[in-house]
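Structure provided below as C-alpha cells; questions to follow.
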Amino acid sequence: MLKPLLDFEKPIAELDTLIEELKRSAANDERRKAAEHDNVDIESEISRVEERRDKVMREVFANLTPWNRVQMARHPMRPYTLDYINAICTNFVELHGDRIGADDPAIVGGFCQLNGQTIMAIGHQKGRDLKERQHRNFGSARPSGFRKALRLMQLAARFRKPIVTFIDTPAAEANLMAEEEGISRAIAYNIQQMFHLEVPIVVAVIGEGGSGGALGIAVGDRVIMMEHSIYSVIPPESCAAILSEFGRDRGRASDAAAALKLTAQHALQFHIADSIVSEPLGGAHRDPIAAARVLGNAIAAELKELASVPTPVLLDARYKRYRSIGSWEEIEREALIVPVPADHVEGPMP
Amino acid sequence: MLKPLLDFEKPIAELDTLIEELKRSAANDERRKAAEHDNVDIESEISRVEERRDKVMREVFANLTPWNRVQMARHPMRPYTLDYINAICTNFVELHGDRIGADDPAIVGGFCQLNGQTIMAIGHQKGRDLKERQHRNFGSARPSGFRKALRLMQLAARFRKPIVTFIDTPAAEANLMAEEEGISRAIAYNIQQMFHLEVPIVVAVIGEGGSGGALGIAVGDRVIMMEHSIYSVIPPESCAAILSEFGRDRGRASDAAAALKLTAQHALQFHIADSIVSEPLGGAHRDPIAAARVLGNAIAAELKELASVPTPVLLDARYKRYRSIGSWEEIEREALIVPVPADHVEGPMP
Amino acid sequence: MRAKSRWFTKPSGRNGSAVTNMPEGLWVKCPRCAEIHFAKDIERNLRICTKCDYHYRLHAYERIDLTVDEGSFVKINDDVMSVDPLGFPGYPEKLARAISSTGLTDAVVCGEALIDGRRCVISAADFDFLGGSMGSAVGERLVRAMELSVELRIPFVLFTANGGGARMFEGLYSLMQMAKTSAGLAKMERAAVPYIVVLTDPTMAGVYASYASLGDIILAEPGALIGFAGRRVGNQDMGMKLPDDFQSSEFQFRCGMVDQIVHRRELRSTLATLLMLLAEEGSDVKTSA
Amino acid sequence: MRAKSRWFTKPSGRNGSAVTNMPEGLWVKCPRCAEIHFAKDIERNLRICTKCDYHYRLHAYERIDLTVDEGSFVKINDDVMSVDPLGFPGYPEKLARAISSTGLTDAVVCGEALIDGRRCVISAADFDFLGGSMGSAVGERLVRAMELSVELRIPFVLFTANGGGARMFEGLYSLMQMAKTSAGLAKMERAAVPYIVVLTDPTMAGVYASYASLGDIILAEPGALIGFAGRRVGNQDMGMKLPDDFQSSEFQFRCGMVDQIVHRRELRSTLATLLMLLAEEGSDVKTSA
C-alpha cells in the first residue's frame, strides 16, 4: 500500500525509495557481488543518498509556507491522540460515555500513568482508515464528546490527578443533531468549567487546533504545540470562501492560511502557546516513537513544574493567563483616531 | 361539563347539587315568592341540607380506605403544582430547559416569591384536560425533566435561595427513549446531588409520590405531605400484578394499597414525612384556595425555621435524616433466628 | 487610507446614543411578511412589525434605551479599542468604516445602569459593527464588565446580537476571547453574581459557543437566528432536511437551551422581575432612578 | 410458621462462601445458545459458556472469590438483618426461605479485602436472595460499607446483580434506601474516595436508579440485563419496536452509561489497574496478601 504523500514530500519520498532499494541490494548476496564486481560500494552509496535526502528534507522543511503547515497538521500519516497515549503512557484504561445518552468516539479519554504518575489523558481522535475515520467522525466532536470530556476532567480533579489534553480536530460537529444537543452550550460550558478544575492541566496541540472544537478541551495551565501543528479561529478554506479579500474562493486557502497566522510559531509569538515541541526532521509521522518521546518529556516536565504550585495560585494563574489574552489598546478620548497600523498607512504620517 | 367524581364522592355530589338548586331558587324572586307562599324557608332548608352534606362528608372521609387515598391522590380535579405555585407565590418566572437537548413539560420550575422571600419552586406537573395531560406526559418526567430540575436547584443554591419541590407523579417515564437518555442515572444523580445543595429544601407531596420518579426531586430537609397524598415504592396495581399474594391480579390493587402502607399517615408514622397538611373537608379540590393557603403557611413555617440553621449543620442533618431511614435489626450470631413479627407468628410463642 | 473622521457622534438618544438604525425614508417593508408600513409606526411599536410581530434588530444604544431607566446609563470601557494584531488584509479599513458608520468604538457597548430601580452592569452588541463580532476589544470590554459586576456584586445583563461570532481578522486572538470571556464568567459563577443573557438576532458561532450560552438565565427574543454553524454549512454536511425553524429562538427553546422566549414588549419587565428575585438577601432595596 | 433453621451454612469457598450456585447435575444447558456442556467445564471457565460466551450469574461469594486475593476477605455488616416493618403478606416466609436456601443473611455481602494487594471495601449482591432486592438491611449494609471506605480512605468496589430493585415488601422504607445509599455516595464524593461499580446480570429499577448508576467508574459484564423498568412495561407503554439489545450492557454502553464492558476473565485485572491508578499520591503501596 502506498503511503499518502504531500506534494512537497515527493522529492524526499523518491530518495527514500532509492535508499530502500539500495538497502535491499546490500542485503542480497547476488546483487551485492554484482555491485562489488562493478566496484560500487553500496554502503557508501547509501550514506551518500541519505545525506542528500536529509539535505533536501532540511531545505523543504526550512521553507514551509503556512499552508504547508496546515497540510502537515492534517497529514494522514500523522500520529493521533491514541498513538501518543500508547507511546507515552502505561496502563491506559479508556473510560466511555457522557452518562446522558451517548459515547462519542471523536473524543477519547481515560486514566493512565506518565512516568509512574496517574494522569487523565483526553483528546480528539481521528481515524486512520476510511472506516475508522467515519467512526471517529474525522475527529469532529459532538456535544456528547465534550460532555464526556468534562465528566472525565471533573473525575480527575476530584481524585487530584492532573489532566493532559491532546488537541487534534478540524472543528466541532455542526450538523442538525449537534445543534439539537447544544454543541454551542457544550463547548462554552466546558471552557468555563475548566477554570474551576483544581488540578494542573497541560494542553498539547498535536495536529489541528480547530477553533471552538479545539478550545472545548484546551483551557490549560500550559499549552504545548507540536512543531507542525496549527491553531486557528477558522479553517483557512472557510476564511477564503467568506472574504472578498480572497475573492471568496476556497482555492485561495493558502492566502488565508498566511493571513490567519495559524502556525505553532505564531501561537508562541502571541503568548498563546508556551512552548513548541520539535518534531523529527520531516514531521512526527517520519518517526512517531521519537516524536512521542519528545512530547512525553515536554508534558512530564510541565507537570512536574505545576505539581508544586498551590491550587489557589494555579487557578488564579489560569484565570490571569486567559484574562490577559488579546491585542487592543486603550485610547484617551482626545486622541481618538482610527488605529491603523504603520504598514497599512498610505501616504506620509502627519 | 360534569366534574369527574369518585364513587364515594357521589352521595356528597348529590347533596351539592340540591344545595345549588336551592340557592338558585333563593336568588329567583318568583320561586322565592312561591316558596314563601308554601311556608317554606329556603335559607333554613339550605342550612339543613348543607349540614347533612357536611355530616355525610365527614363520615365518608373518616372511613377512607388506603385505596380511596390512592384515588384521592390521583383525583382529576386535584390541584397540581402550578395551581399551588400560582396560589401561594408571586412573581413566578418559569425557567425552561436542561441545556442538553430538551425541555420536559412534566417538570416545571422557576424563581418566585413566597411571603416576600425568593425561592426556587419545582414540581411535577400533570395536565388537566386530555391535551395538556399528553403534553405533560401525565406528570411522568423524562431524563431531561430531572436534569432541568437539577440545573434549577443548583442555580438556586448558588444564589442562596431555598428550594421547594412539589411531588405529584405516577412514576418516571420508562419508555425506550427514557432508557436511552439514562432515566436511571438521571434520577440517581439528582438524589445524590441534592445532598450537596447548600440551601434549605422543603418537599411537599401534594398528590402521587410515585417511587423513583418522585424521589428524583424529593430529597429535603423537611417533607410535608398533604392529607390525601400518597408515597409508594410501586403503584399498587403493579404490586398486585406481580405478587401471588394478590393473585397476580391488577384488580386487587386495593389489597396491595393496604399492604404497601402508602398513605401520608403511614409516612408520618415511619418518620419519612415530618408533618401532614390538613385538606379542606372533602379534599383539596373542594376548596383549592383554602388548601393552598394552608400548604403555603406550612411551607413558609418550615422555611423560616430552616433559615436560621447554619449550612454545615443543615447538610449534616440532611445526611443523617436519610442515612437513618430504614427498619432492620442487628442480631448477634448466636441469636440468629428468622425475624418474624408477632402478628405473623403462627401458634403460641415459646 | 487614513481615516480622519472622529467616530463618536453627538449623543442624541436618552442614554447618549446615536440614533442610526431607523430605516431610511418614510416607508419600511417587513423582511418577514413583506408588509409595507409607515416607518414611524414600526418605530413607535418598539421596532416590531405590527402585522407579523417580526422583531427588527436594534442598535446597541437603542437596546439600552429600551431597557434601562431613563438617564441611568453610564458608559464604561468605551475606550478599549481594536487594533490589527495580525496585519490582516482589509481589517483596518473595515474597522474604520464600522466606526464611522455606526458611531460606536467597537461592537459592544457596556455600562452601569438601573433597570426599574435596580443596579446592574449591562452590555449590548451592535450587529452593524462588523456583524457584532468578538475581537480582542470586545473580549476585554466584556471581561471588565464582568469584573465590575463581581466587584459591585450586581447582576450582569447582556444582550447578544453578535452574529459574526469570533472576529477572524484577529485570528487566534479572537478565538481566545471565547476562553477569556468564559474565564470572566467562571469568576462570576464562583462569586455567585447573576448573569442574565438575552439572545437577540443574530447570535452565532464563537459567541454562542462561549458567553452567550453561559447565562444563569437565558432569555431570547422571538424569531432570532441563534446557532453554531451557518445554515449553509449545516445543510451541506448533513444532506438532510432541516426543520423550518432551525437555529431560531424557538428551536433553541425546544432543545432546552433557552429559559423563556420573551416578546420585546415584556422584556424590560421580565428583566426587572428577575433582578428583584435574584437580589441578595438584605440588599433588595430599589435605588430611585 | 416459624423457621427453626439457622441460615448460615458451613463456609466452604476460599473466602468462606457456601458454594450453592453450581448447576445441579453433570450437565448444564446454556440459556443463550442452548448448547449442552459438562458442568465442570463451565465451572472451570469462570461460569462462562465455552461456546457463546454467555456469562452465568454468580453468587455473592463466588463473585468475591473470583475478585479478591485469596484469604483476604473479611466479612462486615453481616448481622444487619431484615425485619418486616409493614407486616407485608408473605414477606417473613419469603425472607426465611431466602435465608435458608442461599445461606446468606441478606441480599448483599460486604467486606474488606485486597485486590492484587490493594485494600478496598467490596460488596456483592446475590440474585437468589429475593432477586437481590434492596430492603432496609441492604441499604444499611451498603451505607456502612461506604462509611468504612471514607473512614479508611480506600475505594469501594461494588458488584450489582440486584434485579429486584427496591424490595417492595418494605414499602416506603425500601424506596428510601435509594436516597439512603445515594446519601452515602454523596459523602464518598465529597471525601473524594473512589467508588467503582460493576454492573452484573440483572440490575434493574430502584437499584439501577440509585447506587448502581453512581459509580465514578462503571464497568459491566457482557450481556447483562440492565435497565429501569421491566421489558414488559417498556413494550406495553411504547407500542414501538425495541432494539434487540434493549437494556443490555451493550445498550447501556452505547447510551453512554457504562465506561467499559469487561469480560469476566479481565475483570480482576481491570479492577486491579484501576485501584492502582486511583491510589492516592503517596499511598500507592501494595499490601502483600
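In order of appearance the chains are A, B, C and D, and numbering begins at 1 in each one.
As a convention for this text, a residue touches a chain if its C-beta (ideal position, glycine included) is under 8 Å from a C-beta of that chain, and two chains touch if they have at least 3 such contacts.
Note that the coordinates shown come from a computational prediction; the quantities given were computed from them, not determined experimentally.
Visitor: Using the touch definition up top, find the fewest steps from chain B to chain D.
Guide: Step count on the best path from chain B to chain D: 1.
Visitor: Farthest chain from chain B, going by the mean of C-alpha atoms per chain?
Guide: A
Visitor: Name the chain pair with more contacting C-beta pairs, choosing from A-C and B-C.
Guide: So, comparing the two chain pairs, more contacts are at A-C.
Visitor: Can you work out the whole-Å distance between the CA centroids of chain C and chain D?
Guide: Inter-chain centre distance comes to 54 Å.
Visitor: Roughly how many whole angstrom separate the Cα centroids of chain A and chain B?
Guide: Each chain reduced to its C-alpha mean, chain A and chain B end up 56 Å apart.
Visitor: Suppose each chain is reduced to the average of its Cα coordinates; what separation in Å results between chain A and chain C?
Guide: The answer is 34 Å.
Visitor: Averaged over CA atoms, how far is the centre of chain B from the centre of chain C? Could you give it in whole Å?
Guide: 43
Visitor: Which chain B residues sit where two or more other chains touch them?
Guide: 99-101, 180-182, 185, 189
Visitor: Note the residues in chain C that touch 2 or more other chains, in rising order.
Guide: 189, 255-257
Visitor: Chain contact topology under the given definition, line, ring, star, complete or other?
Guide: other
Visitor: Of all possible chain pairs, which ones touch?
Guide: Result of the pairwise touch check is A-B, A-C, A-D, B-C, B-D.
Visitor: Okay, in this complex, where on chain B does chain A touch?
Guide: Residues 99-101, 143, 147, 180-182, 185, 189.
Visitor: State the interface residues of chain D toward chain A in the complex, per the touch definition above.
Guide: Listed in rising order, the residues are 189, 192, 194, 216-218, 253-260, 270, 273-274, 276-281.
Visitor: In their shared complex, at which residues does chain D touch chain B?
Guide: Per the stated touch rule, the residues are 1-4, 6-8, 79-90, 92, 95-96, 99, 105, 135-137, 139-140, 143, 166, 168, 170-180, 182-187, 189-190, 205-206, 208-214, 227-229, 233-234, 237-238, 240, 242-243, 246-247, 251, 255-257.
Visitor: Help me check something: in the complex, which residues belonging to chain B touch chain C?
Guide: Within the complex, chain B touches chain C at residues 91, 93-103, 111-113, 118, 144, 148, 155, 158-160.
Visitor: If we count contacts the way the header does, which residues on chain B are in touch with chain D in the complex?
Guide: Against chain D, chain B makes touches at 172, 174-176, 178-185, 187-189, 191-193, 195-196, 211-212, 215, 219, 231-234, 239, 242-245, 259-262, 266-267, 270, 272, 318-319, 322-323, 325-333, 336-341, 343-347.
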